[in-house]
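The structures come next, written out as structure tokens.
First chain A sits with chain B, and in the next complex the same chain sits with chain C.
So, the complex of A and B:
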């Protein structure tokens, strides 16, 4: 109880509230700009939050991402250009609604069901995370080894990329994580005598490169030819929502449930949640033929799912230190920088921080209602922001942000190299998200692996000797077997187009 | 720009071999069977396997050695692309001597104009953003942004 009161004091501090408000505006703007993603918003925020205490730093990330995931729906409906990949699943459907003159209804549905879906995700987070933490407190290095394996496997299994290329990306990430002092013997590896590399590859600079610079490279090519966007003004978005609620309440619950679950699975985030819940909605709909023609049903499922996935992703991140998506991968990096190593012990030692994160989540989702409404009303102006000005400004933020991480040009050089490398990988259909997860989890995976090998003296069966470790181990091996079967038989998950 | 999977696979095999070779230089610890080279070697094996699959697949596909997209043949769009790493390199090489404010202003202005912003808009925005970023990072966040030419003034 005392911790909850402390959490209230931490969150309802004028500075923290100011940070929340500012990052909300930032998140809405980034989310609404096509080409700028919620992950990029987080990457750009990290250098700014670096110098803040933990609570405002986490509050900034939570708020900005919740806002960005909703705001991505706005250009999806108005221009058929999803603002973030998480809105791509139903951008066509939303745009079809707009052409049928239902832009107001679509925006209202997106806003209200995003808020409600987000709150369901938060409720699950608040209820499940502490319970899971009590279980996790008894985990040994065997359980953590399998958890890390399972998390990394899910990242590949659930992404829609070619499995070989997904695994490759993961291995490269793990390899990058071995740069620096080795965790078991203290030997410097792959440092080439560079002092800067002793601490390992700087995570934030890598991430800014992979998520922001590579995106800028893809955008730069079209800036000169892009024309200004013309969008129509939105009227009363709340009219006509009552019947939608009465008719599709089950879709809403199902979408939020699927979203939270997929978010909580390591490695898959809001974008995959939206794709899957949209597909489920269509599969079980009584009016399948209406999908794609501007039918609101699938939008309800998917817009609730992507917002609920955000909170779901924090469950494994806070409890096990295993990221649920690429945003929480960044969050884990931030937690380590703040000296709050994620894991069950945080729930015991610093429960007030955990409650503060929960509170911020609730607050951010509630704030989304008025601020999201304002964003819809202001969309005309936001979407007219000239890209020829925006792109160089983002580049400058990236440069200064990565400089601030190392206080040297090493950060900037690393960011540039990683940006070009990330662009190269994506050009070859190799996704970068597994790489980032590999980079985050690499040390934990290697440490637990080598520790277990030494403990068990090379006996593989010891990895399955404890009940939970055994279950997790078998689950991991089954997933691997499924992946091999899928690669051999050539059955792929339905092609999902991620922009 | 897209390399044939076979070429990509061959590059990965090379990377895996290099990693394996590098791990040979890590020291041994007597009586300790599992040391610093174990994990990188497992990763190298995995990368080599992926590389081999890609190599075989690429040889079967008979795709062109290097696929170049249309935008790469269009000089203006190619310059737009290169402007991003180019500007970053200019910052890396010149910021220490010139200082943050002049270099950031010049880069912003140059990029704005190249991307066809009107000069009347580009000039004040470049100046405003440079000063705002400097105020926020150097002033508020105490990041030691290089002072360069303005050392005496700041």
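So, the complex of A and C:
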């Protein structure tokens, strides 16, 4: 109890509150810029936090990342350019809503469910961090292999059109993921002697190209005619949220739950959480056919999931010093520097600091409501800009963002090439989202597969040898079998009717 | 009106253009310095570079920007350092991999492709096992490894042919075993390997003790020995291989600052002095101690010979382990 009071005193200090406010604005800016990710926001904050006491240092990171993950939704909905990878899963859906005149509703849903999802994540972090960390630490490469397989299955739910085209897109993504030094034997693949290609195909640069550049190309054709529709939608972002709450409260809880769990698993963060919860939402929806046409249901799941994953990732980081995602990988370093060595003892040795971090998490999520609202209002002015000016400026941001990913022109060239490729794919009705998913999960899939084979000396049964791995493996195989059966039956049924 | 303004603008641009080289010839550094890190944000190398960067900034009076050039097992970043203009405005943090990658045939770059400035850190590998492993000490583990058939034990800590893989091979060979007697499971670094150890997927992790620290503190793993000439004061309870098994084998990962080849001597001197002050500062000492990282100082000349020796011994070890190509 005394520690909690101390924590309040630590957080509600003018300097700390100032740091929180400043990093909130910083986080919103970074998140809304395509290509500048929440991870990058954290990395940029590290040198600043060197010279701060522990609480403001961690407060800066917590606040900036919470803001950035939400802010990524704004350009996703307005321009079809996910600001961070965590918004990629539902950028298409949000943009479709905008084109149907529902930008207000979409932004309101993104904001409110991000805040609520974030709070659920914090609640889980506060209440059952040690318990969940105990589960997460038991995941070996066998479990991760099946998790990657399940993740890939989502690709089928991400494509509205032909599932075959979804799978095709996924396979292209997996192929692109093999470029670079292979993760097991250390041999360069498809690099053609080019040093830059050794780092592989950067997925953020690819994502910017595939979503933003392909959209720019389409817009460039109609630059004089299109445009006006979006600007008209100025109004109250909080209107119409009541019915969404009543209708989709279960989606929200499910999305937050999935998000927190995936966040807590080492190596999987907010982006994968959004992909999986979006796919789950579609799989169990009563209105599957509406997905992809500007339907709010999947957005509720996914936007809650990515914000809750943020807090989830702190669970293994605090309890075992194992990063839950790329952000907490940096946080762990900061924890050590501030003498708050991660481990179960951190809760005993420095409870006031840990409670302060929890408090900051809650505060940051609450602060997101007014600041996010202001950001939406501000971003809307951007849409009033004439499109012949707006499009080049977007291109400029895409270039800055992709340069920042690799710190070289390689990122820019990759982004532009992928933009053309993405445009080509979409013109042929092949969705790009599964390709990004393949690129994200490709390395995990390959690496865990090879690790499993090495560990088990080539014995396939070992993939099912552990309780969790076995359960996940059987679940994956059953899902695939059902999909194949359904596809075969679906093809045959019309034929039977004909005869 | 318009032509005059345009002419004035052109004159101004020309003036700036002429002025820049003149400035560059003057004092070093005349503009912000780029510090390239071949590894990702958040890792130990990144953190070390960022503290050094902020201390250098104070000393040099110019911003020092830490730039992560990741990927390709370190090839991308190391090559960016080597190919930069050698004017001291682009320097980088070299890691032990520069003495290893070219033996694997991944790159042409080697220690002699750089102008060394200073060595700042070295960390020896440790031998970590899970908390509930049935080996009381390193002797029990060594006996168990020797008495079981090859491939019974599985170890990890980094990628195939990485520094911690080499450490394992070196240790096994020093015990008179084959380098692949313990099977190596490549991983993305020490943290995933420690997770795999705690999850029961593997038996041994040969990363450095600071990298294993969180799991040690959490009571999930134990450190049985380090492969160094003497104990680390941060982890004084962990014995060396020499005092337990009588094996005088030591190796380690190191980090230092260097620039492209042919960097002018005055620049190297200026940087070296600034780095020495950064190394001696309380901030650096406290930071390295808080992370459990070892601190070692070698000046430009010392770092050069250190790298040459590291290159030689790594090549020998990799050939012996069958990891070298060509």
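Keep this in mind: the second predicted complex is superposed on the first by the 274 of 499 C-alpha atoms of A that agree within 3 Å, B and C clash if a C-alpha of one lies under 4 Å from a C-alpha of the other, contacts with A are read in each partner's own complex, and residues count from 1 in each chain.
As a working rule, contacts are C-beta pairs under 8 Å (C-beta built on N, C-alpha and C of every residue); 3 or more make two chains touch, one makes a residue touch a chain.
None of the values given here were measured: they were computed from a predicted structure.
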Touching A:217, do we find chain B (first), chain C (second), both, or neither?
first
Classify the contacts of A:322 with the two partner chains as first (chain B alone), second (chain C alone), both, or neither.
second
Just checking: does A:454 make contact with chain B only, chain C only, both, or neither of them? Give me first, second, both or neither.
both
For A:267 in the superposed arrangement: first (chain B), second (chain C), both or neither?
second
Name the contact category of A:184: first (chain B only), second (chain C only), both, or neither.
both
Taking the superposition as given, does A:407 touch the first partner, chain B, the second, chain C, both, or neither?
both
When the two structures are overlaid on chain A, which partner does A:420 contact: first (chain B), second (chain C), both, or neither?
first
Touch test for A:388: chain B only (first), chain C only (second), both, or neither?
first
Mind sorting out which residues of chain A both chain B and chain C touch, each in its own complex?
50, 184-185, 407, 450, 454
In their complex, what parts of chain A are in touch with chain B?
48, 50-51, 164-165, 167-168, 171-172, 174-175, 178, 182, 184-185, 187, 189-190, 213, 216-217, 220-224, 386-389, 391-393, 395-397, 399-400, 403-404, 407, 409, 412-413, 415-416, 419-420, 424, 427-428, 446, 449-450, 453-454, 458
Give every residue of chain A touching chain C within the complex, in rising order.
39-40, 42-43, 46-47, 50, 137-143, 180-181, 183-186, 188, 195-196, 198-200, 266-267, 319-323, 326, 329-330, 332-333, 336-339, 341-345, 406-408, 447, 450-451, 454-455, 457
Touching chain A in the complex, chain B uses residues 1-3, 8, 12, 19, 22-23, 26-27, 29, 32-36, 38-40, 43-44, 46-47, 50-51, 53-54, 71, 76-77, 80-81, 83-85, 87-89, 91-92, 95-96, 104, 107-108, 111-112, 115-117, 121-122, 125, 129-130, 133, 136-137, 141-145
Write out the stretch or stretches of chain C touching chain A in their complex.
41-44, 46-47, 50-51, 53-54, 66-73, 75-76, 79-80, 104, 106-107, 151, 154, 159-162, 183-188, 191-192, 194-196, 198-202, 213-215, 217-220, 283, 287, 290-292
